[in-house]
Amino acid sequence: MITAERKPFDEILALVGDKKKILVAGCDTCVAICLTGGEKEAEVLASELRIKAEQDGTGAEVEHTAAIRQCEWEYLDMIADKVEAADIVVSMACGIGIQSMAEKFEPKLVVPAVDTNMLGMPQEHALWLERCGACGDCVIGETAGICPVVRCSKSLMNGPCGGSHDGKCEVTTPEKEDIECAWHLIWERLKAQGREELMIKNRPPKKWNLSSSGGPRKMVREEAKLV
Amino acid sequence: MADADVKAPAAEAAAEGGAAAPEAADEAPKRVVDPDFEPEIIVFACHYCAYAAADLAGSMRLQYPTNIRMIKLPCTGKLEVIHLLKAIEAGADGVYAAGCLEGECHYLKGNLWARKRVEHVKRLLEEVGIEPERVEMYNMSSAMGARFAEVATEFTERIKALGPNPVRREGVDAHAAAREALGGVAMPDDPVPSAATSEEGHAE
Amino acid sequence: MTATEYKAGTNLEKILSEGKFAVTGECGPPKSADGSVIENKAKMLAGYVDAVNITDNQTAVVRISSIASGYTAMQNGVEPIVQMTCRDRNRLAMQADLLGAHTLGIHNCLCLTGDHLSFGNHPEARGVHDLDAINLIEMLRRMRDEKKFDCGEEMDVAPKFYIGCAENPFGDPFEFRAIRLKKKILAGADFMQTQCIFNIPKFKTWMEEVRAEGLHQEIKILAGITPLKGVGGARYMKNFVPGMDVPDEIVDRMAGVEKGPASHAEGKKLAVEMIKELAEIEGVAGVHIMAVEWEEAVPDIVEAAGLLPRPTVA
């Protein structure tokens, strides 16, 4: 799933500026599951903005709402009235939802209240770990189902590097304490699968043009297009 | 013994108020404490412990401030971030949750969740420029009538020292707003739990 | 062997090819535009080492570029081994720089993954990691031997490089480390320098695996040594440098002497003892002395280890 984290409040305030009619718009799909930008969190942010506005005497009015899926226009129709009535939409959806909102209601001012950060797996309640970088050329069929693109700090195709230690990655900044070395995991799982030879052969450089290095990507399913 | 326990914090706070004044002068300018300020305090009380403790305090005829107004919950674990925030937004000067002793929650961990949520609300309040001390989490058992009164006294003194919530909403009843935010979660009040408070306090 | 048979014809290549015990040093460029730092370090090492590694933004901290510093070193009498990491350049920039290094007369290159950006002074930078070290070795070998760019396009004049790689015999998973060396040999590495060795028994175990696979016959192995100035450095490396294995005996030994001239002397003595022990191991073709910011210790150590004079090769 897509995960996001709420931006610092001051940054949100700066984005809102002196707008008077503010709509905080959550999304009830991915960002709700990761407890960042669903309807509940939109209500909390709206309440915070009101408390702030009240103290500063700005007279701003803050409301909240949520779309079932902010990234799809048909769900935006359901909240269109509220959006139209607002001077600014503070969106708590992922980067896709925010853009979808900005595009549908152009030129309505739509700003993000969250930082979309990864395609993560819920490891346990309230803990998500990055699992995929949408590189456009999945290699995990040869790496024991473990993504070296985002789970190895250096996106190595032929790991582990010399910094791998006790199964841990050399990157152990305080925020990233105890990240597992992806290539250590790959080695162990390939061994368990009896497929070590996959790690012994050299893998060629990755085709990064299939990832975002190749420019914005586009996907068309001809067979499914409406005629 | 119970009596002494209860009175002590209030007496201390009063003594501090007097003695602290000259010292405070060369520190950051302190809020001028209005002696007539009567804060409005919302207590989210678990009916298995704190709410029963209030009853006990009442029947023990313990004195505690009339500033607190309770909302009964089936468990503090039902309390969400937005409920605490809404009470502050509606103008409550202070808000606290009172749940069972840690390890003794009727639903196992509800009070631990509540503590985490209260801590989160403190962070949110800090972001928006409100003193985080305006919200708190307390734990007590149903047998701790004295503790209930002590907490009520202590917290009221704390809020008196902080002064009024900068968010003042004319004509908004914070207690009613908090109840509304809770929706079906809030339980109906017991008829007059404590003679000591309700006689002169905010009768429902 | 005639000159034309050499892959790059560098001093280092010749010494190793002739089976002589090689000594390489290491020199970190400064964090400013002061080229005289390299000049001085090069002069200090000239005649005591066969070639000197010039680090490439070592520990992800910006410094004078390894190629420019390598050129300065060369002008001051010592052959450079320029290091190139995959962290700061994509495959275009790497190839362009390698062509440039060749035209400047630099023909040794050590291919590295590079320490992660989070260790350095620009942790907010975008880490490139377009290629990894193995991809880089292979790209360089194809440029040299097949006159081909990474994309397959041909070039008129191929850059000549003696290709190096690094390995950490103490990295994990330990059982994979000899295999990783094999991967680098397959990719085209000619010589290998190890991470600093303090745990000699563990290194010996690793060398057994290397010999069992016959890898020592396919690549020249230089054992890495870092002379310790005092117990502080030993503890720092033990606790904070990723992938470093410093046994307690070494820490204790350094702790047993007074900080200052006494600990410096002890550090050099320890380095000499270790070099002698490493030189006895079958398959060790030389030593790589990494006395970063203590280059002046190198002449003493090389001399005390009985490695002078350095051989001259035609």
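Letters A, B and C name the chains as they come in the text, with residue numbers starting at 1 for each one.
Heads up, the rule we're going with is that a residue touches a chain if its C-beta (ideal position, glycine included) is under 8 Å from a C-beta of that chain, and two chains touch if they have at least 3 such contacts.
Owing to the predicted nature of the structure, the values given are computational and were not obtained by experimental measurement.
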item: Required steps from subunit A to subunit B (each step between touching chains, minimum); value: 1
item: Most centrally placed chain, judged by C-alpha centres; value: A
item: Distance between the centres, which are taken as Cα means, of subunit C and subunit A, whole angstrom; value: 40
item: Separation of subunit B from subunit C, taking each centre as the mean of its C-alpha atoms, in whole Å; value: 66
item: Junction residues of subunit C, two or more chains touched; value: none
item: Subunit C to subunit A touching residues, read off their complex; value: 86-87, 91, 113-116, 118-119, 123, 127, 129-135, 138-139, 150, 166-168, 171-173, 176, 179-180, 182-183, 186-187, 195, 242-243
item: Residues on subunit A engaged by subunit B in the complex (per definition of touch); value: 8-10, 40, 43-44, 47-48, 50-52, 54-55
item: Of all residues in subunit A, those that touch subunit C in their complex; value: 153-167, 170-173, 176, 181, 184, 187-188, 199-200, 202-206, 208
item: List of subunit B residues in touch with subunit A within their complex; value: 80-82, 85-86, 88-89, 124-125, 127-130, 166-169
